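Below are two complexes that have chain A in common, paired first with chain B and then with chain C.
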Partner chain A sequence: MGTYLAIIKRDLVISYKDGDHIAMGFGFFLVIISLLPIGIGSDIDILPKVGPVLLWIAFLLTTLFTISRLFKDDHVDGTMDFMIMDSAIFEIIIICKVFAYWISITLPLIIVIPIMSILLNISMDLILPITFIIFISSPAFVFIAAVGSALTLGMERSGILITILILPLYIPLIIVGISATNINVIGINSYSVSVMLISGFSMLSIALAPFLISLILRTNSY
Partner chain B sequence: MISLINPTNFNKLSEKIIQFIGLFSLALFIVGIYWGLVIAPIDYQQGEMVKIMYIHVPSAWMALLIYSFITLMSIITIIFRNPITVIAAKSAAPIGLIFTLSVLLTGAIWGRPMWGVWWVWDARLTSVMFLFFIYIGYILLLRSQNTSMKSEKIAAIYAIIGFINIPIIKFSVDWWNTLHQPASILKIDGPSIHSSMLYPLIIMFFAFSILFLYLLLLSMRIELIKNKIRAINQRRINDINN
Partner chain C sequence: MKLIIDNLHLERGGKFLFKDLSFCLESYKPIIVMGSNGSGKTSLLRCISGLLHSTSGEIYSINEKGEKIEYLHQCNYSGHKLAIKNELTVQENIIFWSRYYKKEINKDLLIKFKLDSLSDISVGLLSFGQMKKLSLIRIFLAEKSIWLLDEPMVGLDRESQEVVKKLIEKHIDLGKLIIITTHTDLKFDNQILLSL
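Moving on to the complex of A and B:
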């Protein structure tokens, strides 16, 4: 247990000491969100309709662009090989690393989503549901993106390749997530059903992704 | 069958049968296209436009079938580390990509007069488009690193993860209300399409399958030759260095 806590603590310390990475993810998120209102211009009626979709897309792209660093440093300096050989269970080490990433990069985004929703003129009674549904889908987002990060480990231009590889796998999540707060989208038009489905996706990816990632990383290190 | 796993045996056997397979596919295409375009009746609602079905539907089947084939080869690759299955999965991917592109294009051409639009973002169409993206991702992943067992195994893992999309495509017309018509051939209570259209469709399906087999054998042989050239060059470099 101590080993795993130490890994979470180590990753958090590293990411906060090197604060640029967090700031970059955060800035990327804000810039993407502020692009659309500029494009739409003065037509104020469209913004609340497309706002939730925009929040999803910005969230997703930020996750995909920042995740490529998740295993990179450990892979380059050889720490990864020690983690694989260590007596601690490698799958749980992966969960710890992804959890530390989630705290340092994803959680700030989720906290700022209500504020961005107000900027996007999303109606007040939708803000909490949207934030909550992005919050419960974030484990699925992060764990699936971590698979992509492992797949492209050691490659140049891995950020763009991750996007091509992983976006198709997000489709069920996005369809269910967006249809939860938008009755005009195809899919299941009930909030509670969407919440249950998305919780299921998240649980499934927390359970499956560490095994896939460990398989990929072990293949990579031999 | 087992002896095919050996690249040398595979080379010998494929050399013998590849011409025959190509000609067989050509013959099936001639019969299928003539039956489909000339003999088969036109639809009372869609008119002559229904005949694009003889390309569209077999292409769709092939797109799914080839991805399933890649997945199967990838599973065997991971378990047994066999060179032939690696080459088979690698060679099948571009062919599947082309068939997926063919489904999307013929579907758009068919959709324009029937639905009034080239494209709708409904479940069936979107999931097939994502199959196209998964094919592209898989090919990029294979090409992104130098050829080595490692990168091929990683691509194999990705192919297996991407298989999750195949049942979504198959059942998308049942799970969601879409503009695309539901399955009319592979159903529990038999096909709901008249035999005068079903038979040419089946012949076209076999023509496409044999064409895939032909192209697969062809590109696998090319890949084997490339491997051989690479090995020879490597040996030459080693000789110079020594």
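Moving on to the complex of A and C:
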């Protein structure tokens, strides 16, 4: 357990010391959210309808935008080499690294979603369901993006390539997630079914992605 | 324990770095790999450490009974990449490895390497030699059975080279395995010289 906690703690310390990455992600998220109301103009009725969709898209793009460095630094400085050699625990090391990323980048975004929802004039009744459904979908978001990060390791400016490679995998998640909080279809059944589907999607991602990432990183360790 | 390298071929960029390479790494018999730049010394160590896939051939380990055993988790590799984090201080890097390997750091080693007074300094501010020493501490701390050291003396002052040499001799005396690539004149008892 000490090994895993050491990795999480080290990655968190590096994230906060090298704070530009967190600031960039956070800033990117805020810029997307705050630009839309300016673009829509004075029609305040449209904003609550497109607001949840915008939150999902901003969340997705921020994840894809910030994930490219997840394995890159360890790959460049050689830390990845000795982690790969500890083959029995490498998949768990990957989970620890993704978890540290989730705490440092994703969790602050989830925390500000209620405030962003108010900015987007989203109904108060919907703020908590939207925040919760984005929260439970965040493991799927991050683990799928981490696969893209592993695939594009060693490439300069890999962010766009990750987006192209990974975006189709998010489509089911976005459809289910948005339909759950859509003002026209929300109801106990549709929301609870969506929560179950997204939870399943997240758990499947946590279970499968580390093995896929491990395979990719080992193959590309050259 | 023995490490057998059996008929190893490695092709990179359409050129064979080595062909039919076979040798046995045993206790008390360190292997010193020498060769010109680009001859495949680093690639050989990376093949043994499982970080690079050979074109053909086999690398395996056998125990005293002659049974094949998994060896990768017993290997520690120190290459050109130093595996240290520039954002962290010297102490934070050492504490991380100490927790990662669940081993206590020998403070005498920090004193011998003259890193004890630099513990709160960010690694990004160190000289290359100091970074190299910090990187080697990871190998000595982990106490694994097989050391794969790629030019361990590069960048080190004479005093530190002596410290590293003594630690390598101690490792050999414990019956553990070691392969070192070098361009310098390193000598150990019973060493086997391998030219690539």
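Going forward, the second predicted complex is superposed on the first by the 212 of 222 C-alpha atoms of A that agree within 3 Å, B and C clash if a C-alpha of one lies under 4 Å from a C-alpha of the other, contacts with A are read in each partner's own complex, and residues count from 1 in each chain.
Rule of thumb we're sticking to: a residue touches a chain if its C-beta (ideal position, glycine included) is under 8 Å from a C-beta of that chain, and two chains touch if they have at least 3 such contacts.
Note that the structure is a prediction, hence the values are computed from the model and not measured.
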{"item": "Touched partner set for A:Leu212, first chain B, second chain C, both or neither", "value": "first"}
{"item": "Touched partner set for A:Gly2, first chain B, second chain C, both or neither", "value": "second"}
{"item": "First, second, both or neither for A:Asp81, with chain B first and chain C second", "value": "second"}
{"item": "Contacts of A:Leu165 with chain B and chain C, given as first, second, both or neither", "value": "first"}
{"item": "Which superposed partner A:Gly39 touches (first chain B, second chain C, both, neither)", "value": "neither"}
{"item": "Touched partner set for A:Val147, first chain B, second chain C, both or neither", "value": "first"}
{"item": "Common ground on chain A, meaning residues reached by chain C in one complex and by chain B in the other", "value": "222"}
{"item": "For the chain B and chain A complex, residues of the former touching the latter", "value": "121-123, 126-127, 130-131, 133-134, 136-137, 140-141, 144-145, 150, 153-154, 157-158, 161-162, 164-165, 168, 176-178"}
{"item": "Contact set on chain A toward chain C in their complex", "value": "2-3, 5-7, 9-10, 13-14, 17-18, 73, 76-79, 81-82, 84-88, 221-222"}
{"item": "Parts of chain C lying in touch with chain A, wherever the complex brings them together", "value": "49-52, 72-73, 75-77, 79-88, 92, 96, 99-102, 138"}
{"item": "In the complex, chain A residues that touch chain B", "value": "147, 151-152, 154-155, 161, 164-165, 167-169, 171-172, 186-187, 212, 215-216, 219-220, 222"}
